[in-house]
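The structure appears below as structure tokens.
So that you can tell them apart, the chains are marked A, B and C in the order they are listed, and the count of residues begins at 1 in each.
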């Protein structure tokens, strides 16, 4: 088979070109222009390469917020949730509530009321979870014990890691 | 000793008796087993009545199949007395066997109460059922009127029907939550029927347009109130003028709480306004809007308040605060949406905006305190949250324009580089041509 | 010079000077249709952009149904320049498929599959399918509503094929339905199986092109043709194209960032008016137009089988039209090619308008 790729007319001698030498007139006026073009080419190419490599390196270095996962989240700090209070936090794209009971125990539940999706709150006076919209009540395990809510609140797992309260799906 | 002929007869008699027993005994056993096997006891009432042509007489017998009393093993005689085993009309309906017949309207509560007010008896069937319905009934408007001799009022069978009574948890029951209003309006919606009773007959029409009806019928939310939730069922009476807030407060606890300690409570009760009803109506409770508060023409405040008085000023101030928060939330939502449409990821700031929309809901509830200071307490953090959202939107848009500027700069570099490479190509080829020509 | 010492050291071990000599001999024919020669290299360039951005995305992406969407959201919001890498990856995929189609059609019409280039063509057709699988598998990875339903519909269509359809569907989906198992499986295809296959095929394809050299359109065969050296002339021109492609990708990423959408929900109904990505649209639209029953078979099945048959036909092209002398056959193939091109373009446009 004819390997037609390697034959035929060609357009110039590479090796001399690579050496940067003008083969016929070494001191032709084009030399300085060529050198200028080469210089410009070199610097622009380096700059562009840098503009490509820079974002890549920044991308690879870990960002401030390390993890993306919805399965567990640092809901709050222990210092932010005193005894007998509750705090709302973001879990994925739904709100959750952390409750620290008067016994000091931590509970984490979904904060979306199962009646009409208002956000529930912790009532330190009744020590229950309450929905202000239509007087729905839940106990601290999330069970719906009063008012319109038809289903309990989903309960999450709570762990502490130092001062962090970590909430994860059960 | 039996003689020869007598002995023969005796033997014959014994033999024939034995033959009879051989036939009759199994037959009797079969009959007894058969009657034992059939689940229901014999009820000649049902047997006869269901065959009658007059539907007024056969109807009850046929409807009784679906009755909860029937399911519990009771039959006609348990209410009407009589003998279900007798096969003749006279035998079954014998007053000596306790036959009571059809009760008169005035006697119906006692008729049902025979069992339903007897705790010991009801315990055997359903220990958790109340046994004070009859007593409660006589505290109701229906009961009081009945006692005074008025028979055109509702009695047990008006709401629960008779002979085909279903459990209240059965969706086909006339007193299932989504059926209650229709049952009440059988009488109450008929202007004809209600003639002489001095109350309107448009309650059902109004109720059907309300938010509660929408929740109950359209959204199938069975916790939504219907007639009995506010009026009671057996003790059905409109709540007292000064107790309306308590009734509404069963669900709308916060609003009721605030109202009770507000200056409006005393003022409304004194003027017999009916508390919540004055502004929200009783049956046609529409979705409340911000136009209801303030100094505008749709406001309910100006019904009593006039320019210059404290209430008028407070109404205006509260409305102004709410409007301010609405304006801020709208502005922030708009800019975040704009950032999102431009391709920026703003789901977290959008989530955080819930704080300000929540504050708006709270503010709208807090107006029931009639106190601008209380409303302020929630509006202020709401405005702060909304401002944060706005800032996040600004930041997102700034990041976007930074990216575009970055793009412009990089494109300049890229185009410049491409041009330089092109020039380089031209230069190389010029040299190649020259060297080729000179060679 | 230091550089010379290094090059001679390498040369003794790797024979680079031989390679350099061969490379320096590579030439590109110059004629009216030379412009099409750029598209193979452009496709390869865009593929390497995919590899680089893909590897970068791999540093943060999580292939499980609970985490996938959030991890992409994370990349786009928290990771520095994550938005740029992700959008470039999505845009470059589409551009690559476009240049691939242009490359394929230009090779077809310029008869670059004539002997001895049959294997090059076959490896190319395989690469077409590999790249389409890349697109299909990659599309699911963000695990958003659109992707979920596109995958559901796409695998459903695969399942329609008689006999092998059902096992194929179960193989693709990792079960009977599209679930997290599907995502894991598609991820495996997308980052391991397909790249390995593509590497082998590309190696074969590119090496064969070097071996056989650049082809010349049939009407120029046997005539003297002006040639251009590949290094540095054509390669620098290639480079200009690639630099401009980077610019286009950057502009697309910044001006038309790829959407994140909403997280997939297996129980939610399909969003109205879903359609697949543009490179599947013409097939999707065709299926929509087929009647429910053709003779006694399902219209859909006939349609799918027709497409499969066409795919098989693609392979045999260089064995049917194999001689530059047979002008009539060439004409027929040109007509078929033009009709196919018009059909694809037309159906794609119709798919967008409706």
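Points worth noting:
Basically, contacts are C-beta pairs under 8 Å (C-beta built on N, C-alpha and C of every residue); 3 or more make two chains touch, one makes a residue touch a chain.
Computed from a predicted structure; not experimentally measured.
Of all chains displayed, A has the C-alpha centre closest to the centre of the whole protein C-alpha set. Interface comparison, A-B versus B-C: the pair with the greater number of contacting C-beta pairs is A-B.
Centroids of subunit A and subunit C (each the mean of its C-alpha atoms) stand 30 Å apart. With centres defined as mean CA coordinates, subunit B is found 43 Å away from subunit A.
Mean C-alpha position of subunit B lies 58 Å from that of subunit C. Residues of subunit A found to touch two or more other chains are 11-12, 17, 48. Annotation for subunit C: residues 73, 84, 232-233, 243, 246 touch two or more other chains.
Multi-chain contact residues of subunit B, defined as those touching 2 or more other chains: 347-348, 410, 414, 417, 421, 424, 428-429, 432. Across the complex, subunit B is touched by residues 11-13, 16-17, 22-24, 30, 34, 37-38, 40-41, 44-45, 47-48, 51, 90, 93, 95, 115-116, 118-119, 132-135, 147-150 of subunit A. Interface of subunit C with subunit A (complex): residues 22, 24-27, 52, 56, 59-60, 62, 66-67, 70-71, 73-75, 78-82, 84-85, 116, 210-214, 216, 225-229, 231-233, 243, 246.
Subunit C contributes residues 73, 76-77, 83-84, 232-233, 236-237, 239-240, 243-244, 246-247, 250-251, 254-257, 259-260 to its touches with subunit B in the complex. For subunit B in complex with subunit C, the touching residues are 343-345, 347-348, 403-404, 406-407, 410-411, 414-415, 417-418, 421-422, 424-425, 428-429, 432. The touching residues of subunit B, when paired with subunit A in their complex, are 221, 223-224, 249-254, 347-348, 351-352, 354, 358, 361-362, 365, 410, 413-414, 416-417, 420-421, 423-424, 427-436, 438.
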